[in-house]
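Heads up, the next two complexes both have chain A, just with different partners, chain B and then chain C.
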Partner chain A sequence: MGSGRLYLAVAVGGFRRYATYRAATAAGIFTNTVFGVILVYTYLALWDEKPHLGGYDQAQAVTYVWLGQCLYATLAIQGGGAEKDLMERIRTGDIAVDLYRPADLQLWWLAGDVGRALFQMLGRGVIPFVFGAVFFPMALPTDVTPWAAFVVTLLLATVVSFAIRYLAALSVFWLMDAMGVNQALMITGIFFSGMVLPLNAFPGALGEIVRVLPWAAQLQMPADVLMGETDPLRAYAFQAAWAVVLLAAGRLVQSAATRRVVVQGG
Partner chain B sequence: MAEPFGGSRAGEALRAYRLIAGMWIRSSMTYRASFVVTVFGNLLVTGLDFVAILLMFSQVDSLGGWSLPEVAFLYGLSATAFGLADLTFGSMDVLGRRMRDGSFDILLVRPAPVLAQVAADHFALRRLGRITQGVLVLGWGLLTVDVDWTTAKVLLLPVMLVSGGVIFCALFVAGAAFQFLAQDAAEVQNAFTYGGTTLLQYPPTVFGKDFVRGVTFMLPLAFVNWVPAAYVLERPYPLDLPRWTSFASPLVAVACCALAGLAWRAGLRSYRSTGS
Partner chain C sequence: MEDEEAMEAMEAMEGAEDTEAFIELDGVEKVFDVRKKTGFLKRERRRVRAVDSISFSVARGEMVGYIGPNGAGKSTTIKMLTGILTPSGGRLRVAGIDPSRERTRLAHRIGVVFGQRTTLWWDLPLLDSYKLMRRMYRIPDTRYRHNLDRLVELLDLSALLDVPVRQLSLGQRMRGDIAAALLHDPEVLYLDEPTIGLDVISKAKVRDFLRELNTERGTTVLLTTHDLQDIEQLCSRVMVIDHGRLMYDGPLAGLHEVGESERTLVVDLERELPPIEAAPARVVRVEGPRQWLAFPAAESAAVLVARIAAEYPLVDLSVREPDIEAVIAKMYAEQAEKADRAEQAGKAIS
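And now, the complex of A and B:
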């Protein structure tokens, strides 16, 4: 079996695993839609008070909200993707089995997480987004080109999101307990991805900083590409650079962990 | 199932709750450093909502016509009331998991009220972080907001917090009852509990009229803070409600509890074990 087919099989497994829980998915759609409605009202009030905040008009701010609800589970912005299982396997020592496999550890988990993301996008993310487009004014392109560029940024965003969470998961090799790491992932993910407010609406120096951190690759970049607020090539370069840096860091930490750390035994 | 009624029943429930919660506290205190870190983390996570509001007010002077201290007052009331409910009833979303893996049956055969056992299950003292954060914002709001304080307004504050907390508790119980119907769909209740506290952190003027109607008459969240706060801040009442409604929160809370209790009983009666 070619290695490409192996990782494809892992990705399909990730997709099917999440597709199993239909009621949970429906519940997620409902919750994302309710939160979307609440956020839209607060953003509309904010943009009413200050039109063109962060370079967005009201329709663009609304689009940003619904894209955020669409990508919230897709990119596991507050955690809860493949890294959760990885942390558990490191804690219990099951990771030893993974290390024995004739497959690359990082690619294996990336493939599984991409499968998960694809399901969360199609099964959970699209419906709230469509709901938003039907009931609120949104700024969506009618041309195919921005949508194609958007799909590319989504793929890159998925890789960056995984790379961040993979690094966090590896820390459990040393920390043993995942609770604090998960909390840190949640706080940084929600804040720096721009789930509370679009990053381009952050004030002053804080705005300058958050817009160059890797989390900006997750929601802000795809949103700006979709709405034509940034050059797609610039967005790709930014996302790809962070993906390479974070994945490389992940490999470094992984090799340090597997060489120096004694696996937990039961 | 037949359950005896009477005064001793409530006492029994409280005693069971205290014992189970105490056990979970002792277990979390085994790792003291971890406990302190998680309380702090909880405080930070819940504080993100307020950071969002601060970020908004870094760009504007008012939101929906309300100033930052007024919004902080609303936020503090909503977050503290929700924090109280989250601490006492917030672990009920594990109920669906217990039904799936069959461990819910164990709770049914124990000689203690099931609701008390479920509510105290996985009691997490770290949720004090949320209450602390809510109280801090409420305190800051009270210090900075421009209000002519009267005895009635001061007395209304604790009434709001307690009634608000009870309304949210009823929501948690209703959410738990819903899990008897749809075990995997525990997340639906988040839309009402977490969604509820989030929307109450913003002024009612921000939302559409139909939306406000919904959270006043159908799901009476408006009585947690919007309606009584209108009296304290001398603001126009949402939906032009009459003035006396500001003092109706305790009644609304009692009604919510009665409905949630009925839902819980109906859910419990319909429970069929997984059988495996």
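And now, the complex of A and C:
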């Protein structure tokens, strides 16, 4: 299909774009490794006090930490993915150029973000993860099946993560400023994705709630699938449902927003 | 291969629907509701007629200048022509297509260039953006290569193809953007301030290219600009819009009559003399034996010169054409005055 090749080209462009920032990638690898080490020792201390917190043993907790560092940039958990460029284009009015194109706006940005995610995974995510696997005991499967299931959840997680950030970016059409949105994205992303503590370990009603929010599809689901803590099919269904709902919401907001863009002139 | 065949079939169909008027606007208007903050939580709704019943048609292959002061409704018109904005009223067709209904289909047949915005991929080499255009417009391989070679040559891009767009100068980026808009052989090109911020040489390059594009490929061009030299050098026809209304549509030369402009006759006499009397011309300046006479642009200079030569000892003379910028500035000012008066009258009534 012709349009399939277009979005593939956009994805390749997204990948190459991020590949041009070598220093940023190196700095990212260093940061994620350092943060990983700090979090691992914190978690180990916590799990010493509370063994089997959230149903994880110590090796699983360590695995969760390094997976989080690996997916931190991949899923743009604190923001900084395609939505950053989109916000800037909306703010400056350059978005008008995108609207003239014979292409679907949402698919275009999704494709670019998937390309970006793939680069961040390979270029930035893998090294801290391997570092963790070498120096700390981890609970990684030796079988191929959980790894394959993990790849599928990762793809779905990428789509859900994009869909959240796309909605946030569209709000700039109304707010005309991205500062507040970016801060909200960062705080919600870090907390609700389980970057601070696995969502499984959240207590009571709060735990019940955070585990059904869309952010749970980002880090918690892939982690549980990899470590065999949940049924992969259940995870797919959960992620796919959120992906569909959020992408559809994105489309609705997008059509309202594009009707608005034109008022701003230029 | 299939792509190429489909493209040919499409071209055959385009030929069939090829009509005299390629762009047609009939009483097109666009009304916006603008909400203005008038106090804490209090908002006032105001209707703004950005485009107020505009009608014109552009034939295939024409090159038309579309000018007006900021906020006149130029961009709104272009947005309606490309289909990202739906008119509030009137009828609008481009190549027989209703743009807002079939935006994507039309997009394959038009090219858009904004001087102040870019469609190019900021962090990647220029060529990457062109490869993307090829996918986006589904340009067949042979056509893509042919068009790219031609554009690279004409716009002098060969040394820039591997350079990331962010490293290009404004003039280089502009040429890169123009090439990006033309890779898919659009039948019409909308240019919004294509020479803004460019130096003299870059401006000349862009203008030369546009002239060639129009004469050789027959591409219809609608050019929006504040640089009247663009219009003077490129367009045989100009449309002036202000406050959403079309104030003038015709040849550039005709603007003088509408703008009630004056030409200047400079005469050198044998000696210092009192101001020449030759109505409707009037002397505006005297400097020794040299006198400057202003007369309506529509009057014949020949008749005036003959009269002066018969009555005065004439040594030398020259005629100066009015400055087009002055003419247009005068038109805008008059329009603004009218609007002010209308507003005053409106206030007096309420």
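Observations, loosely collected:
To be clear about the criterion, the second predicted complex is superposed on the first by the 258 of 266 C-alpha atoms of A that agree within 3 Å, B and C clash if a C-alpha of one lies under 4 Å from a C-alpha of the other, contacts with A are read in each partner's own complex, and residues count from 1 in each chain.
In the analysis below, a residue touches a chain if its C-beta (ideal position, glycine included) is under 8 Å from a C-beta of that chain, and two chains touch if they have at least 3 such contacts.
In this text the structure is predicted, and so the values were computed from the model without any measurement.
More chain A residues lie in contact with B than with the other chain of the pair chain B and chain C.
In the overlay built on the shared chain, the residue A:Glu49 is in contact with chain B alone; chain C does not reach it. When the shared chain is aligned, no partner comes close enough to touch A:Asp143: not chain B, not chain C. Once the two complexes are overlaid on the shared chain, A:Ala96 sits against chain C while remaining clear of chain B.
When the two structures are aligned on the shared chain, A:Gly180 is found in touch with chain B, with no touch to chain C. Look at A:Val196: by the touch rule set out above, it reaches chain B but stays clear of chain C. With both structures placed on the common chain, the touch criterion links A:Phe35 to chain B but leaves chain C unconnected. Once the two complexes are laid over each other on the shared chain, residue contacts for A:Val10 go to chain C alone; chain B is not touched.
Counting contacts as defined above, chain A residues 21 meet chain B in one complex and chain C in the other. Residues 21-24, 26-28, 30-31, 33-35, 37-38, 41-42, 44-46, 49-50, 53, 177, 179-180, 183-184, 186-187, 190-191, 196-197, 201-203 of chain A are the ones touching chain B in the complex. By the touch rule above, chain C contacts chain A in their complex via residues 3, 32, 34, 71, 75-76, 79, 82, 84-85, 104-105, 107-108, 112, 114, 116-119, 121, 123-124, 128, 131-132, 135-138, 164. Listed in rising order, the residues of chain A touching chain C in the complex are 2, 5-6, 8-10, 13, 16-17, 20-21, 92-94, 96-97, 99-103, 258, 261-263, 265-266. Considering their complex, residues 31, 34, 37-38, 41-42, 44-45, 48-49, 51-52, 55-56, 58-64, 182-188, 190-192, 195, 198-199, 202, 205-208, 211 of chain B touch chain A.
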